[in-house]
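Paired with chain B in one complex and with chain C in the other, chain A is shared by the two complexes that follow.
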Partner chain A sequence: MNAFLSILRGFPRYLWTGWGAVASILLFVALWELGHQRYGDLVLPAPLETLQRVGQMLSSQGIREDLLITLKRAIWGFLICVGIGSVLGLAAGLFVTASVMSRPIVSVLMGMPPIAWIVLAMIWFGMGDLTVVFTVVVASLPIVFVGALQGTRTLEGHLKEMAQSFRTPLPMMFTDLYLPHVFSYLFPAWISALGMSWKIVVMAELLSTSDGLGAALAVARTQLDTTGALALVVMLVGSLLLIEYLLMEPIKREVEQWRE
Partner chain B sequence: MPDAIRPVSHAPIQAQRPASGASHAASCRRSGAKHDDAYPRVQVPRLLAYAFRPIFILLPAYMALSILLWGLFWAGYLPLPYLHNPLGWHIYEQMFGVASAGIIAFILTVMPEQYSGVKPVVGLTLLGIVALWVLGRLAFWLMDPLGAGVVALIHLPLLIWVLALVAKPILQDPLRRNLGLLACVVAIVIIQAWYFASIMGWAQTDFMSILRVALGAFMVLVLLALRRINTGAINEWLEEQDIDDTFLARPPRYNIAILCVLLFTLAEFLMPRNPILGWLGLATAAAILNTLNDFFIDEANILLRSYVLPLFLILVLMAAGYALMGFDYLHDGIYGINHFRHFLTTGVFGLSFLMVMVIIGTLHTGRRLVTNRWVDACVVLVIAATLLRGAIPFSPAAARWLYLGSALAWTLAFVIYLWRFYPWLSGPRADGLPG
Partner chain C sequence: MARVAELRVEGLSHRFGRNDVLRDIDFQLGQGEVVSVVGPSGGGKTTLLRLCAGLLDVEEGRVSNRFDSFAFAFQDPRLLPWEISLDNIAYGLKARGMGRRQRHRLASDIGLRFGLELGDLKKFPKELSGGMRQRVAFARALVIEPQLLFLDEPFSALDVGLKRELQRLLVKQVAEQRTSILFITHDLMEAVRLSDRILLLAGDPGRIVQGFGIDTPREQRDDAFVYGETAQLLTHPQIVQSFELSVNA
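Presenting the complex of A and B:
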């Protein structure tokens, strides 16, 4: 509760630090405008036109539904991979044997291209939600697993010994020693997995479903609607940035305060 | 004399220079009191005892008077038939005429503080510099009989002379603390020469484009100067308030803002009216707002305090100016870029010069930065002048009253400054130190 209140108190100041990022993004948009003027509408539509299209799309019922479907799939896939990956990674980190055994499997999973998973999932589960969510889970899982594994494996022994010599109660050991350390590894892994989920969900939808933003992107491609395609990309990236910087990053800063 | 600002309590007010002692040593460590050892051992009139003294008396008077004259000319009461392009000359004089004095006073006052051994410019040399500046102003208003060539010959050597006086310690500084500032003033002199070359037909560039480039260079100069002023003045103020924290103007934030201002200026010169300026304007505004993060310190909320809020608002006005211009470039329905540019001129220039004159006029006359309601009133008037001037595109029917209101608020601000600070600027230092 205290951590939550602390995040809320520091939120306005945190938001203000975002101006630097806004400046960088706007400089990038200026570069995009230059590209548009150089190569024309078909290759690169104007940023303002694209943003106006985003506004139009968000006011249309169909795209709003597609956006919700995509967000639902991405969030489900992300939550499942976070749940399974964190538990398995933490468990593997507690036992050296499990840690040694799991490493090659993780390497195999990380080396497998997501597109191959999509093809396999389409064969196994057909066209639909399950294929997309499965692909998101299987592609993001190794990132979370490795983060959790490293977090557990790198717990400092002498800190543990010191806590034990002071007869620190187990709940305090957990909240003040284990959790902050493991979290500092786990949370960046979750953020990477979130980014991965967003990318995979669109790719999976583009190939295996008839709804969601990925499917809308496929339609824009067939109609050579570059503005529409870019508007969809802007919506996706925008939603990811909002979740990452308005939700995940403040929590990360709060839980990593002990490092300073 | 402003009664809310009290003289230094631990150093007795005296006309003579204290020879030694703890209070003297303590005062020497403060801002505005580090030049003592290098101060020339000569008797000079009080008004020529330091560069800021004559200039900060003449500058606010000229800032008030020139805008009043300009307002009368614009309203048709004062004929100035010689000005073929009155708007261009108005912009030129408000930038180069006003800013040159501000730059000279700032540089010549700050250099002896930053570099030990650098002698403050006093006496006849200072009189020569001030006389050249005054001659430059007279020449501007008498341009018709004199001709642009003569005016250029009077205007151009002024900053070059001052640069020659301060360049050596800056170039020899191994920390390169003021190299950016020096480069920026050199660029401003080159732009000034370019402007005159354009007026006299020696350069093909449109002089309005050159003036826009000049404004960009001045904004960079303001950012570079603010980085130093904010750090010095706010830390001085924090110490006065017994707040155990340090204000840091972080260079990377200012560097991003400067880069954005330069990109906007370059794009406006090379691609006028291009929509790319819209995004660059918004990026510049965001980068300037990013510098405001420095003001959020852990130990206390300093934002709403006297002396801190105006320094904060200079950057807010600069961000507002670039944001509104950016918005205008992207939005077909608004035609107010030159009105919005007044956020940078009336707002940023006005408030920066006011605050530089207030801070230097207080610290360098041996006093402390304490809340002063007259300074607050001046700040409010400059901001009001800016908002009235910037509101013209939104209310064109009231344009005449908005112009007038803006000019009056601006004039009043600098008249109040002169009235309250003249006794300090013309009198001895409160701590008895020379200068």
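Presenting the complex of A and C:
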């Protein structure tokens, strides 16, 4: 509760520090404009035109629905992978054998390209929500799993001994020792998984569904509608940036003040 | 009958795998007494301390600790990086179930006495210097007013000034609260300055080969006394042998 209030209090100041980020994004847009003037509409439509298109899309029923569908899939995939990955990782971290055994499996999962998962999922589950959500989950799961695993494995014996020397009761061991430590590994893993989910969801949709932003992107491609495609990309990246910088980053700053 | 507060170690031996670390250790520590164990590095001193504090299981022999409370100060500060100094100091009080307001009051009182400033109490360990961290660690050990204090070379990484200051605070604590201390060090001067009795732990396997008593009251031990006494100890044959001091050095 305290942490929540402190995040809210710090929010205006945090936003104010965003000017630097805005400046660098504007610089990027300027380069984009330069590219547009050099190569023309078909290759690189003007930023202004793209933004107008985003505005149009957001006010049209169809794309708004697609956006919601995509968000829903990404968030479901993310939540499921966070749930399963964290629990499995923590459990594996508690046992030496489990953590040693899981390492090669994680390497295999990490090495498997998401596109391969999409193909398999299409065969297993057909074309639809399940395929997309499944792909998001398998692709981001290893990241969360490894974060949780490292969190439990790396707690220093030194601190545990200190806690023992004060005869720390078990509940306090959890609240003061284990949780803060594990969380400091888990949270960054969650953020990476979120970014991963966002990217995978579009790719999976593009190949396997007829709705969602990914499908809209596929349509834009067949019609050689570069402006439309760019507008969709802007929407996707924009929504990820909003979630990451308005939600995740302030939380991260609050809970990780103690980090070096 | 009132319980006699004392730490009694009888026939204590310990091994790690095939390594004999400690063999047949006997000594006792009464209330208000400061006993230091000196000996070369790697001679099993820390193991002895951990056995006495119950951080390691006793396998052979007996350790009976009849003090009501004890605290441990380690060689490194071992602060929780995610808690501010104030909460780190209050850690032991929290473990005893003391309420937030009260433990913060006690913690900030002792923190200030140990040379921390109000601003430091709100800082995370990463923002403090090494010396400040060790002050916090000391405050954390002493705020619970332990009857027995285990010290594992807590001064070894500190500069001379800070070392002296913390030692002075410690001497005061012993005098005022009759705190007993079991103190581990490889620094003879430190031992001479602080202890009533010095036990010499020879290495490989660790065993106590000699005890020295120092009768001069702690408050009267000035530098000249400490230097003189240390110089005298350094010529003692057992010490020469244990520390492998070469005679010509």
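Following the convention adopted for this analysis, the second predicted complex is superposed on the first by the 259 of 260 C-alpha atoms of A that agree within 3 Å, B and C clash if a C-alpha of one lies under 4 Å from a C-alpha of the other, contacts with A are read in each partner's own complex, and residues count from 1 in each chain.
The definition used in the following text is that a residue touches a chain if its C-beta (ideal position, glycine included) is under 8 Å from a C-beta of that chain, and two chains touch if they have at least 3 such contacts.
The shown structure was predicted, so the numbers you read here are calculated from the model rather than taken from an experiment.
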{"item": "Partner chain in contact with A:180 - chain B first, chain C second, else both or neither", "value": "second"}
{"item": "Touched partner set for A:38, first chain B, second chain C, both or neither", "value": "neither"}
{"item": "Partner chain in contact with A:168 - chain B first, chain C second, else both or neither", "value": "second"}
{"item": "Touched partner set for A:159, first chain B, second chain C, both or neither", "value": "second"}
{"item": "Parts of chain A lying in touch with chain B, wherever the complex brings them together", "value": "13, 16-17, 19-20, 22-24, 26-27, 29-30, 33-34, 37, 46-48"}
{"item": "Chain C partner contacts - residues on chain A that touch it in the complex", "value": "158-159, 161-169, 172, 176-177, 180-181, 184, 257-260"}
{"item": "Complex contacts: residues of chain C adjacent to chain A", "value": "53, 55, 71-72, 74, 76, 78, 80-83, 91-92, 94-95, 97, 124-126, 144, 150"}
{"item": "Complex contacts: residues of chain B adjacent to chain A", "value": "253, 256, 260, 263, 267, 274-276, 278-280, 282-284, 286-287, 289-290, 292-293, 296, 330"}
